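Two complexes follow with chain A in common, the first pairing it with chain B and the second with chain C.
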Partner chain A sequence: MKRWLTILICALAAPLFAQELESQAHFHAVDIYADSGNAPLAAYQLEFSVTNVVTKIAGIEGGQHRAFRDAPFYDPKAMQQERVIIGAFSTDVAENLPKGKTRVATIHLETFGNTRPIFQLKLQTAADSAGNKIPVTVTCEEKKIQ
Partner chain B sequence: MNENNPSDSERNLEAPARLVAALKESSRREIFVPPYVDRAVLKAAEQHLNKRAKKRLGNFYRWLLWPAFATVCVLGIWMARLLIPQGEFKSAIRTDYAREDLNRDGQVDILDSFALARELKSGKSLPAIFDVNGDGVVDERDVALIAAHAVELRKDNRS
Partner chain C sequence: MVAGLLLDGCASPHIKTRMTDFYIPDVYESTNGGYSGYYSQSARSISAPGGVDEVWIIPRNPAATPGNEETPDSSLLLANLGGGEIPMPLSHTDVNASLSGYIGAVEVTQQFENPYTKKIEAVYVFPLPHNAAINEFLMTIGKRRIRGIIRERKEAQAIYQEAKRQGYAATLLTEERPNIFRQSIANIEPGAEIDVHIKYFQTLDYMDGWYEFVFPMVVGPRFNPPGTTNSLGAVTYLKPGERNGHDISLRVEVDAGVPIKDFECKTHVITKSVFSSGHLAVQLAPNDTVPNKDFVLRYRVTGDRIGSSLLTQRDERGDYFTVMLYPPQEVGSLLRQPLELVFVLDCSGSMSGHPIEQAKAAVERGLCLLRPGDSFQLISFSSTASQLGPQPLEATPENVQRGLNYLRSLNTDNGTMMIEGIKAALNFPHDPKRLRFVCFLTDGYIGNETEILAEIRKRIGDSRIFSFGIGSSVNRYLLDQMAKAGRGAVAYLGPADDAAKIMDDFFDRISHPALTNIKMDWGAMEASEVFPREIPDLFPGRAVVLTGRFKGASNAAVRVSGNAANAPVEFEIPVGSIGVVANKGLPGIWARTKIADLENQDIYAPNPELPYEIKQVALDYGLMSPFTAFLAVDASDVTDGTESETVPVTIPAPAGMKTKTTTPDD
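== the complex of A and B ==
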């Protein structure tokens, strides 16, 4: 009798624990910036990941400059995961491409727990309008959600 | 009498007194050698000795040549590995590129997709090798396929 009572209590309490976990979910929007210096940025590919907390990538949108306004290419499998590779390019002429620091994408994600997430960015490749590889610095900033 | 046996007079080998005196006199006398002859002899001797020394060194260098050549080759390969990024070094010696690796840098990335997009934009007629999806046409769908391949997540934690 006691055993059945314990199972019943656990079954009733489980949704409460789940609710508690859900309540610890946080939404983040992370802006991804690329700085190509004086070179026009025509193409980039980078890897973004969250290393320290359980994370689900919820969405990816394009950047600020016209050349990268469309959402970048990414693997749909990355949704609901903590890692994604994004890449985009523009075949516009050099004059119409961004130089210096520009926002190339924004990644929306959901983290669980109260730990502050640590974002990791790794540039894989970048090129100018002629297709030549160029050095680019990538950074990210968490957007304050109102 | 046997011819091989010299007579007693022939056995007497003493030189005539005049010859002995003349020889003694000549050894006492100093022979004058002009300085230019001295110099010429010295120069010839010097040249001869130098030639021998060079020959000896030449043999030594010939033995040294092959180890030196091998060392230079090894150093060259090591420097190339050091200076050329790993991916590019591998791609420099490999021939089995992925079909999507249009720029032949050993990696399928967004730059391959970008390269095809630029070619398409230029309006050039493109060879069938760029028809990555095999639908008989080289178009934007091939560009998108290469891009999708470039950003694909794989289990080995690489794109």
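== the complex of A and C ==
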């Protein structure tokens, strides 16, 4: 069943940088959101990558909801290709799990060059508290530095 | 039971010892690039050549109250940065250890804070066990937890430096020695707190019926002979009577799986919260929280004899196992051959006071346990090596008395030219009628470990090395590796340990032949990549841990064969069944053991491919190694201000040690 699989490219249509990137190395914090609609989100696994510039992943932060606040684990093999495969799960009851759109992680990374990075997300799986696969939309958004 | 010569000098095996106060020189040094600096009245920076981090030297409060012998480190270190007197940036370390069988899972949290009015970078050099498979690293800022990424070391350093330059909070963990690590935390804003969490797995030692858990708390100073390098960098020590406000809490939970018969902790005051059949929980007492000595907890389980056992674990990468081999009981019933014992004493400055007295007491006991037909030699080393005579002496009462007199005349001196002690101990001709055992008694505070180990491997011949770690915070990596390279075993003699008992145990051990030339028949298990590749000899009372991968049956018999006193010995190990989760740390433990094996190869037979192989194993399993590092950057916010000053965390001297002569320039 692949119908729930979502591939999303976040091209940063609305530029977060008003000006051209100036130096060679830039740091970004990219929020990852999962939208499970009315279903309680108990588990997910997704792949994050940057498609157009040299990138170094520098940290993975946990999400907004209590169920996903711990920093997710990553696959060290994938990391060697600068792809992040992260996943997390909660064994809590459905009432204590997030529904709708929630930030599940933040990826901290360094990019090189003056091209704006294009982020790519692939949802690999998601499940509710009963272990059933559920359709989930994943999106990302670069955090605006204060 | 042990028996020995009856001499007047042997009547009391215990030499009276005394505690001495600390002396730490007002100097730190790194020969990595060859720089050094001294404390001054105002903070200043030294730019280190060779790409070493800038190092800041923080003057101490001259009015700090000196401690005394009863209450060392009882005052607070105050640093002066920008005019105010304020504490140092590491406030607390918290340790939680869970021991299951002979596998330990340990979580360490280091709490950093910035008490200054300017942004700082904190740098902390600290120890962990050399067999620790460090596979988790988290930076916590407020309620936000950022998981660190394992990266190739130079790449991680470059990212960290760039993040630091651009003003992002970042942390970097690097391995400076197999048992020494450096934590760097960039851009801690004034008043801010950043916690760093580290998790690792390790196997426990099993000695003389006791499982032993060790958590090291402080890095001892390292002597670097001229021409050697030391990458430790900014390690600064407190003066006598000073404290930096950094304290430690520690809890250990043991799930032995079988009833626990007894436990002990001679290094610290502990409180016990649980002690039931197979479960034990202890923690450091509130009045013993200065991190200046190794924490050692030992426990033993019921039963006269523990059999070898095997644990398995499956994950997405395959099947892994560890096996703890114990010598079969029949080996202990065989009697020993005549011995040629060579005692080598470290008489360097760091051994001054209680450590050298402990070492002398142990050697004195050893001399008294010699039997007619044995022979012995005494060698001491500090700046140079000297010895009792050109050849080993027959263990006659007269010669043993000569040895005791020589032993009592030894004093400590500057310098730790251990290489001279190695050469002196292994160079002279060996009497083939006797088994030669070389006993090194040292704190191991040297920086040229690889040179020492390579020299041992080159000269070992038929000798066996038994290393004795003397002191409260011994360089256990070196001591363990010396024993491994010398096909012997290691023992530790802490300040509260009985020197005579340690030597009695040693004589018990060498009074029976070891199980040698061990071969494993893994049968239908189809094991591969088993480490260590060279299986150490099994001595009575000692266990050896092997770890490997397998792809075959889980319930097949595993057979061990070897020789003891030229007679074949064979025994079988019961195998657990796959699917039963033994311990999720096994894959990491296997990878760490493989890395250690490759590191040893790099010492004894350097090969340009080895660093790449080590790095690849570490990256595949997400582990620390000499060629990888953990990095975490918070890219969500740029800290205020452009300038950041580097503040090394000043650490206490190892308890009971004088360090006046631990640097070559003293």
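Heads up, the rule we're going with is that the second predicted complex is superposed on the first by the 117 of 146 C-alpha atoms of A that agree within 3 Å, B and C clash if a C-alpha of one lies under 4 Å from a C-alpha of the other, contacts with A are read in each partner's own complex, and residues count from 1 in each chain.
We take it that a residue touches a chain if its C-beta (ideal position, glycine included) is under 8 Å from a C-beta of that chain, and two chains touch if they have at least 3 such contacts.
Keep in mind it's a predicted model, so treat the numbers as computed, not measured.
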| message | If we overlay the two complexes on their shared chain A, which of chain B and chain C does A:47 touch? Say first, second, both or neither. | response | first
| message | Output check: A:77 vs chain B and chain C. Expected answer is one of first, second, both, neither. What do you get? | response | both
| query | Just chain B (first), just chain C (second), both, or neither: which does A:60 touch? | reply | second
| Just chain B (first), just chain C (second), both, or neither: which does A:29 touch? | second
| field | First, second, both or neither for A:89, with chain B first and chain C second | value | first
| said: If we overlay the two complexes on their shared chain A, which of chain B and chain C does A:103 touch? Say first, second, both or neither. | reply: neither
| Residues of chain A at both interfaces, chain B in one complex, chain C in the other | 72-74, 77
| field | chain B - residues contacting chain A, complex | value | 103, 107, 109-111, 113-115, 117-118, 121, 144, 147-148, 150-153, 159
| remark: So, in the complex, the side of chain A touching chain C is made of residues 25, 27-29, 56-62, 69-74, 76-77, 79-80, 106, 108-110, 143, 145-146
| query | Can you list the chain C residues touching chain A in their complex? | reply | 138-139, 143-151, 155, 159, 162-163, 166, 168, 170, 619-622, 631-638
| task | Can you check the complex and tell me which residues of chain A touch chain B? | result | 42-45, 47, 72-75, 77-78, 81, 83-89, 91, 124-125, 127, 131, 133
